[in-house]
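I have placed the structure first, in the form of C-alpha cells, so that the comments after it can refer back to it.
By written order: A, B, C, D, E and F. Residues from 1 in each chain.
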Amino acid sequence: QISQELAIANATELVNKVTENCFETCMKTPYAEGNDSCVDSCLAKYMRSWNSISRAYIQRIQQSPDKNA
Amino acid sequence: KDIMNFLEVENSKQKVQMSIHQFTNMCFKQCITNATNPELSAGEEQCLNNCVNRFLDTNIRIVKGLQNIQ
Amino acid sequence: QISQELAIANATELVNKVTENCFETCMKTPYAEGNDSCVDSCLAKYMRSWNSISRAYIQRIQQSPDKNA
Amino acid sequence: KDIMNFLEVENSKQKVQMSIHQFTNMCFKQCITNATNPELSAGEEQCLNNCVNRFLDTNIRIVKGLQNIQ
Amino acid sequence: KDIMNFLEVENSKQKVQMSIHQFTNMCFKQCITNATNPELSAGEEQCLNNCVNRFLDTNIRIVKGLQNIQ
Amino acid sequence: QISQELAIANATELVNKVTENCFETCMKTPYAEGNDSCVDSCLAKYMRSWNSISRAYIQRIQQSPDKNA
C-alpha cells in the first residue's frame, strides 16, 4: 500500500508539473484559443526530458555516492 | 458513516478552494498588469476566464496523454 | 472544528497570496516608499479576480464533472 | 504546562525563522544582481532593509483590508 | 527489521524521484524554449545534462561552504 | 529532540534556498562550465543578506509586536 501511495504521489506531481510547464509554453495571454497539438508535443518533450535527467542524475549519484543532493 | 461523509464533502470543498487559490494567483500575475484601478476591465475579466479554461484544457489533455502512454 | 480549521487555512492562504501579488505589483526596487493606495486597489482587484475565477471554475466543473482538475 | 510553554515558544521561534528564510529568498532575488563581490554594498543593504519593511507594510495593510470586508 | 528496511529503501527511492521532478521542472524551463518539435535536439539534451550537473555542483559546494562556517 | 529537528529543518531550508539562488546567479544556460568562485562569493553574500534581514525583521517586530506577519 505504501508503494502504491508513493506511486500516486509521483503521478500527481508529474501531472501538476507537466500541466504548469506546458500551459506556460503553449498558451499565450490573453489565452483566447487552445493549442492541443502544442500540448501533445510538449508532453512528449517533457517525458523525454524527464528520462534524460533521470539518467544524468543516476549516473552522477553512482559516480560519487556521497555527493548526491 | 455520517462523519466519513462529512469529511469527504469537506475534503472536496477544500480541494476546490485550493485550486481557486492556485488559479487566482497564477492568472492574476498573467492578466493584471496594473492595480491603479480597483475594477476589473472587460479585457482583464476575459483574460482571467480564458486563463482558467485554457489551464483546465491543458490539464485534461495531459492526463489523457499520460493514460495513453501507460 | 474541522470546518473552522479549513476556514483558517483558506484565510491564511488568501492573505499570503494577496500579499505576494500586491507587493510585486505595488512596490518597486529599491522599495524606498510605501504605496498604500496601490495596495488597497490591488486587494480590491484581487478579490474581484478571485470571484471571477471561482465562477469560471465552478461553471466549468458543472459542465463536465469528470473533467475538473 | 512547562512542556506546552516550551512547545509554544519553539513554535513561534520557528515561525520567525521560516519568515526570515522566505524574506531572504525573495529580497535576495530582488536586490542582489551580481555575486562577484561577497560583501553587501550600502545600496544592496538598504534595498534588503526596505524590501522586508515594505513587504510587512503590504501584509499589514492587506490583513486590515480583509478585516474591513468581513 | 525487514519492515524498517523496506520503509527506508522506499523513502530514499521517493527522495530520488522527487529530486528528478524538481530538476526536470527547473531545467525544462531553462533549456526548452519551444515545444513544436516533440524530440529533444542535441543542444537541448546537452543543456538538460549540464543543468543537473551544475545544480548538483552548486549544491555540494554550498553544503561544504556551510560546514566550514560552523 | 524537537529543537534538534527544527534545527535540521532550518539547515535544510537554508541549503535549498542558497543552492537555488546561487545556481540562478552563477550558472548560465547552456551551463557548460562550473563557477566555484562565484558560488563561494554568492554563499557569503546570501549569509550576509540573511543576517541583515534578520536584524531588520526583528527590529520591526520589537517596534510593533502586534504588527508582525
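Following the convention adopted for this analysis, a residue touches a chain if its C-beta (ideal position, glycine included) is under 8 Å from a C-beta of that chain, and two chains touch if they have at least 3 such contacts.
In this text, all values refer to a predicted model and were calculated from it rather than measured experimentally.
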Quiz item: So which chains are sitting against chain B and chain D at once?
Solution: C
Quiz item: Comparing centres built from CA atoms, which chain ends up most distant from chain F?
Solution: B
Quiz item: Tell me which of C-D, A-E or D-F has the interface of A-B again, with more than half the contact pairs shared?
Solution: C-D
Exercise. Please report how far chain C has to rotate so that its Cα atoms sit on those of chain F, a copy of the same sequence, as a value between 0 and 180° in steps of 5.
Key: 120
Practice problem: Report back the single chain whose CA centre is most distant from the CA centre of chain C. | Solution: E
Quiz item: Approximately how many whole Å separate the CA-defined centres of chain E and chain F?
Solution: 20
Quiz item: Can you give the whole-Å distance between the Cα centres of chain A and chain C?
Solution: 27
Practice problem: Round to the nearest whole Å and give the separation of the Cα centres of chain B and chain C. | Solution: 12
Self-check item: Where chain A touches two or more other chains, by residue
Solution: 14, 19, 22, 26, 40, 69
Quiz item: Counting only residues that touch at least 2 other chains, which ones in chain B make the list?
Solution: 31, 51, 53, 55, 59
Quiz prompt | Order around the closed ring of chains, commencing at chain A, then chain E | solution = A, E, F, D, C, B
Self-check item: For the chain E and chain F complex, residues of the former touching the latter
Solution: 30-31, 43, 46-47, 50-51, 53-55, 57-59, 61-63, 65-66, 69
Quiz prompt | Of all residues in chain C, those that touch chain B in their complex | solution = 2-3, 6, 9-10, 13-14, 17, 20-22, 24-26, 38, 40-42, 44-46, 48-50, 52-54, 56-58, 60-61, 67-69
Quiz item: Given the complex with chain F, which residues does chain D contribute to the contact?
Solution: 7, 10, 13-14, 16-21, 23-25, 27-29, 31-32, 34-40, 44-45, 48-49, 51-53, 55-56, 59-60
Quiz item: What does chain A use to touch chain B in their complex?
Solution: 11, 14-15, 18-19, 22-23, 26-27, 29-32, 34, 36, 39-40, 43, 47
